[in-house]
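Both complexes below contain chain A, partnered by chain B and then by chain C.
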Partner chain A sequence: MRHSTMLRIGPVGFRVGSDWRAPVAALEALYRNYPKPQDGIPDFSVRLFAARPWRRFVRSAVHIGGDFVIPDAAPLPLAQGLLAAEMGMNLQMALGQRRYLLLHASGVEKDGKALLMTGESGAGKSTLAALLMARGWRLLGDEFVLIDPVTGHAHGFPRLISLKNEAIGVMAREAPGGRWGPLLEGTPKGTIRHLVPDARAIAAMDQPAVPALLLFPNFGFEAAAREVPPSECFVRLTQASTNYVSLAETGFDALTRFVRAVPARAIDYPDTASAVALVERLWGELA
Partner chain B sequence: MSGALLARALREPQSVEALDGAGWTALLAAARAEQLIGSLAWRVDGLAMPDAARRVLADARAAVEQGRLAALWEAEMARRALASSGMPVVLLKGTAFVAAGLAAGMGRQIGDLDILVPRERIEEAETALLAAGWEWVKPDPYDDEYYRRWMHELPPLIHRERDRMIDVHHTILPLTAKVTPDATALIESRVALENGLYVLPPEGMVVHAAAHLFADGDLQGGLRNLWDIHCLTDEFGGAEFDERLAVCAARHGLTREVARAVRLSGALFGDGDAVTLVDRLYIRRLLARDGWGQPTRKLTEQAFYLRGHWLRMPPLMLAKHLWTKWRKGYRPAG
Partner chain C sequence: MTRYCAADPATLRIEPLDSLTLIYHRSSGITHVVDSPVPELLAVLGSDALTLDETLAALAEAHDLIDPDAGALAARLDELVEAGLVERC
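For the complex of A and B:
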């Protein structure tokens, strides 16, 4: 590949190669305080490439490839090259990660204990994690939390926080002085802007935490909390894990242990202020 | 070139001890791209290596072990679906290697389930599998018609609950190919497993792998095919086996292909057999991967793509087929 860079997010090393300079330059700028993969050997490679040589220059379309790929994934315009790189790394995790049970969840840590939040896209898990980070929690990650099947501990994966649409303005107010990527408009998920996790999240990214509370947030309703029993929690998390099936028995054991040990609540919230108040109240009661 | 790096690591596992971070990165990328990372993990197990490489290989071993269990289960599901028909079901390729406990199955990545059944009973097999939850994959009527008229297998079926594919073969080469293996003789040569399923004898496995590699296709995944052949000839090798292999190859009209397969696997993974000039061209194609595991040498690749099709069907039919596929937007990989 013409251009490439390496970086490590939590326990996972990546190599990202690109036919264009811009996506690699954006990654290097935003991930500049992140370590390199251990021993110089990445776990996964991502490739951003032009399908035909001339498409590097004419109507550039960034195709996402790598060790693990989805056939026929739609390419992105070059202006969204950073998003393509992030999607490529997520894809490697979703399809190729075997060492940890992968939960599609955001997470924050306090006193060595982890609060995890999972839900459909748009439920607000990235925004809530970023808000809690701005209020002194240590960010574990806004997209994936990695559960070690041996210890049951939650490992962080603090990649760039991917904020969408209204959440971008909310966080610009809540975290003034944050480092941001470029504003990406017209992406498949609307407007996206990446916020760099704070220095503490990056410095402590190798420290796992003990899962203590799981929330299923739901934006747009009156503030409320409902207990989620382990059985329901189990079923919902099988849906929220991209590698539960491929890990087979290991995945089943890790998830069973998780839902037995960790209390879970479904929460509704009308706005961010009440969400944060609700989360901190539940944390005080349960964790 | 990472293809050569991979072949060397499989041939001489100790060679990996000299690799630096960049060398390991290229090796692992090539091994993933060739679907040989599980085999590599077994080969280099216990050698000195960086922790990061050890972790990636440990993950690969866990993945192929899970894949082995899933493949055996899938074979059992097919056995149950076809049991009442009483027809012999012969496992092929990866599933056969692990079901028979062969060295070729160590670390072998297994995708679809491939089975061979008698041609006169293939419709019966199709009906039984459809009744047991398998469904058609190909929505395209041209492809479906093409498979049924000209291919050596049914259009692929996928199980609606387990999401696993099955390829039901009635012979080992397309009906359009110049060579016509004797499918009846292959099925008659079958070896029974304890569970009621069958596999080909080792010489039949080598002949099938060689047929797949040289008489049908563009050498895509060829390195893994040759590794299979190397493991089989290594495990069963000897004068008596060579004799049986020669007889088997001759019966199916694949003497040249089998000889080439044995030479190439020896050159790449064994004691460095003498190769011909044409063999060198094959090796060039087989090892053409860059440090990202990507195919290089596009021209050689395109040439082999055309060659694969040339062998697969007569010229006029080929022209029609390529034209239809082109109109539908298909392009050779790469």
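For the complex of A and C:
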């Protein structure tokens, strides 16, 4: 492809090629402190391409391709090229990751122990992870946490933190020194802006943590916490994992071990301050 | 007369969690999350080929059933046959 870059996020190396310079330039700027794939060999390739040659210039529409694709996925306008690249990398992970049990969850680490948060889009897992990062926790990732089936440890995947709508303003106040990507308006999920994980998250991205607490956050209700039994946890995590089925018995073993070892709570929270207070109280009690 | 036995133990991973039990069925790659009386039924059946009445009697003896119901048991067994966890043999 005309333009390309390589980067590594946690244990996973990517090559991103593009018909346009802008998405690659945005990736290189925002991921400038990230390492390259080990031995220079990426695990996954992403291609951002124009469906027809003239569409590089006229009403540019960025199609997302790569080793793994969703047929007929709608293209994005060139102004959202960074989002297309991020979606392309997420897609490779969601469809192609086989080395780790992939949980659609955010995660932070303290004292070698990991707090994981999972839930539907809009539940606040990215925002909570970013808030905790701003309060001194090490960010493991805002989208995926990778469980090693052999050790049971959680490996980070600290890609750019994808903040949406109101969460952008919240984090701009909470992390005033943060490095940000461009404001992307009118995306399929509303307004999106990417926050670069702090230096500590990037420097320590290769250090796994022992899962110690799992939360199912739910934004918009009075503060409350409910114990989630292992069987419910198991079912909800199979729904939150895109590769549980393809890992077969290895995935079953990893997830069974996880839900037996890790206490879980469903939490409701009305605002970020009460969420952080609730999380830190539960962490003190359970982790 | 129909006789039932549990699927080959080598094809099943049975992991009790809390009130529910996980069963990974190696032959199909499907994970089942089951409630009582499924684990008890599989344990009672084992490799023995039991009729419906024999299965009910064995269950009643092992678990002190208050209200043994052959119709309900037949329905459960049919579901388990459908899932591949029990075989007609």
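Criterion: the second predicted complex is superposed on the first by the 287 of 287 C-alpha atoms of A that agree within 3 Å, B and C clash if a C-alpha of one lies under 4 Å from a C-alpha of the other, contacts with A are read in each partner's own complex, and residues count from 1 in each chain.
Criterion: a residue touches a chain if its C-beta (ideal position, glycine included) is under 8 Å from a C-beta of that chain, and two chains touch if they have at least 3 such contacts.
Bear in mind the structure is a predicted one, so any value in this text is a computation, not a measurement.
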Based on the superposed arrangement, let me know which partner A:E280 touches: chain B (first), chain C (second), both, or neither? neither
For A:E28 in the superposed arrangement: first (chain B), second (chain C), both or neither? neither
Is A:A248 in contact with chain B, with chain C, with both, or with neither (first, second, both, neither)? both
Chain A residues in contact: does chain B have more, or chain C? B
Output check: A:F234 vs chain B and chain C. Expected answer is one of first, second, both, neither. What do you get? second
Tell me which partner A:V259 touches in the superposition: chain B (first), chain C (second), both or neither. second
After the superposition on A, what does A:D148 contact: first (chain B), second (chain C), both or neither? neither
Of the two partner chains, chain B (first) and chain C (second), which one does A:E174 touch, if any: first, second, both, or neither? neither
Chain A residues touched by both chain B and chain C? 248
Chain B residues touching chain A - in the complex, by the definition given at the top: 20-22, 24-25, 28-29, 32-33, 50-53, 55-56, 59, 62-63, 66, 69-70, 292-294
The answer for chain A against chain C in the complex is residues 229-231, 234-235, 238, 245, 248-249, 252, 256, 259-260
Of all residues in chain A, which touch chain B in the complex? 1, 13, 15, 17, 37-43, 45, 47, 67, 98-99, 246-248, 250
Chain C residues touching chain A - in the complex, by the definition given at the top: 13, 15, 17-20, 22, 24, 26, 29, 31, 33
